[in-house]
Amino acid sequence: MIQTESLKDSLLRLQNTTPLVLNITNAVVMNNTANALLAIGASPLMSDATEETSTLIDIASSLVINIGTLTSRTVMAMKCAASHACQTGRPWVLDPVGAGATRFRLDTSRLLLEYKPTVVRGNAAEIQAIFSSQGANDNTTRGVDSLLATEDVADFAKEAARQHNTVIAITGATDIITDGERLVRIDNGHPMMARVTGTGCTATALTGAYLGVQDDALIAATAGLASLAIAGELASTSARGPGTLQLNILDELYNLKPETLARYLKLT
Amino acid sequence: MIQTESLKDSLLRLQNTTPLVLNITNAVVMNNTANALLAIGASPLMSDATEETSTLIDIASSLVINIGTLTSRTVMAMKCAASHACQTGRPWVLDPVGAGATRFRLDTSRLLLEYKPTVVRGNAAEIQAIFSSQGANDNTTRGVDSLLATEDVADFAKEAARQHNTVIAITGATDIITDGERLVRIDNGHPMMARVTGTGCTATALTGAYLGVQDDALIAATAGLASLAIAGELASTSARGPGTLQLNILDELYNLKPETLARYLKLT
Amino acid sequence: MIQTESLKDSLLRLQNTTPLVLNITNAVVMNNTANALLAIGASPLMSDATEETSTLIDIASSLVINIGTLTSRTVMAMKCAASHACQTGRPWVLDPVGAGATRFRLDTSRLLLEYKPTVVRGNAAEIQAIFSSQGANDNTTRGVDSLLATEDVADFAKEAARQHNTVIAITGATDIITDGERLVRIDNGHPMMARVTGTGCTATALTGAYLGVQDDALIAATAGLASLAIAGELASTSARGPGTLQLNILDELYNLKPETLARYLKLT
């Protein structure tokens, strides 16, 4: 359904063209997100100032919005950025961190959803929260962690992607990506990755980088999630714990070659 | 006075129950704090938005407030959070970073103190500043570093803990923890830890994690400080400098076992 | 033109006196900046609260202002800090990150320039943007990256430094530092450093540390840039990628000796 060749080609294009990626992201992962984008070969811009977001979106290849640490000021910056990206046709990816945990996050996520993100990347609970009609729901989420497996929301996500004309990428033990027609699963990664803060945010940022070089958003999201999962898998072999793992992931992203991606990829 | 068994038991409970810890903390250490909490087995939430702090405190096991990088907005968020935690009986720990350095930090620390923190964790100068009746005082502090040894304020802290009905945890070459009745000293750690930013903040966050599983706040604070000191001690053996040390500490926290804690602990 | 002895002497003084360095810097590099300052032997203070900046400048040896992630609030904090430093004769260094990318950054940089920074540290495009009379210009910058080599703006920078009575430090493959009379070049470093976020910001912060112990600002800036370039060069020998590199740089800064600086320095 997805050709491995298209993923290899996307990585090659990313490395050859160094796409500019504008990030409005949370304060916890800002450093690590910038480093992951630099490592894989993109050029990160970090800014949440309404004074300059439109200008930066115009020169950027894509936009990443991550709601992990919101304030009323940054909600407004995100709204302006999403609106401008939507209006000018710039591809953008939304990461609704903890959408199921609080009303503030849920409302912000749904507000941003109106500006037609090219990809929405979250865990199973976040995807269910943002695309269902329910309120913030403690039964499927625990803080920012999902109590659901990705498979639990696969059908729901496929239908939601179709209705919203977007790509939905759900990370977990098995990653699921769907555009409402196609649905792919990635079986790479390592459990220790859940012990490093912001690995999901990194998957989102890498998807943003691929959106800058790949028009088929399903392929871009699959390439983003696969790049991180495989880097994490390789990084874990020599990691004594999550400290070394976080560091090794950056090294592996830097050393990632199209052939490595193809060799380790477990796609179904 | 404190049984090693109670510390081992606390770590075991932490690892088995993954307590949710809400952090309103400074921008410098946010990533590292989240990673330290994940490494030891807790689940970190990072948020300083008044729109959601009450909701998050209600689902969290404990709250950490760290004043390292204040703005008028975050002072208000901290006040709301401390007030809600106090009112609902949620255990919380206050880290008055640089309380002796500026009037702004001192006033904020004392304001928060009114909401009865379960534990106050600081260096010797910070503890003296917040609990004395004096103003910001350059003679005991240099920026955010203490010019006093923990022993210099041991008696003062014991009396302050008694008067304020709180636990005071003072980090330094020797750590001191007191609830006004009991007073324990920890002689673990490594001097190079002072060359990594935010090690004190990590001690505070780990104390917060233990407060989520241990009702005796003296034991929780002792477990928090001992976990970091021992992880730092083990991490230093293979560290070429503070870069490797910071990373190794996360790995050691991840690999920390109750027996390791008991074996290396130097408690008096 | 610059004696290596003066650089060795500056490092020795830095290590012996632990200068306090106040940083108003961007959210991406805050942790790494604090760690780099601690590693080399300085004492970092991080604060952008107008409530306390004047107090902190008074106790600090020097001030670092970095505009990497601006908001209207932090622009005001920077203005107050620069004004106070200028008025009280405290040495300070300005890092106009992305000055050529947006009007917001350019205007802020030029506003701060009025408060007579002791050193301005940027890449070639940023230096040209801030000191020329032109508007934000896409032809010389791509996001926060320069499309110009440092040599392209060497003469321009020398003249600008003379006119503004400041020191201009330009980082790139070859670093250039000039005070309008003297001009030195540093040929150290490693290309992989460009794949770690905020290496330029670290060069700025280290320059700030040296300004606290060295009155000759040309020597201070040269020592700052040389320390990072040599640490990066040494760090790269055992780095598998940018993750390891970032970490190794902190270790090398920690282990940097005056003799190491002298042995590896390629100054022309």
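Quick notes on this one:
Note that the chains take the letters A, B and C in the order they are written out, and that residue 1 is the start of every chain.
Here is the rule we use: a contact is a pair of C-beta atoms (placed from the backbone, for glycine too) under 8 Å apart; a residue touches a chain by one contact, two chains touch by 3 or more.
For clarity, every value in this text was computed on a predicted model and none was experimentally measured.
Taken as a contact graph, with one node per protein chain and an edge wherever two chains touch, the assembly is complete, since every chain touches every other chain.
Rotation angle relating subunit A to subunit C: 120°, from a CA superposition, given to the nearest 5. If you average the Cα atoms of subunit B and of subunit C, the two centres end up 33 Å apart.
Annotation for subunit B: residues 27, 30-31, 246-247 touch two or more other chains. By the touch criterion given at the top, residues 20, 27, 30-31, 34-35, 38-39, 43-49, 51-52, 55-56, 59-60, 73, 246-255 of subunit C touch subunit B in their complex. Those residues of subunit C that touch subunit A in the complex are listed here as 26-32, 68-72, 98, 101-105, 136, 138, 142-145, 194-198, 239-244, 246-247.
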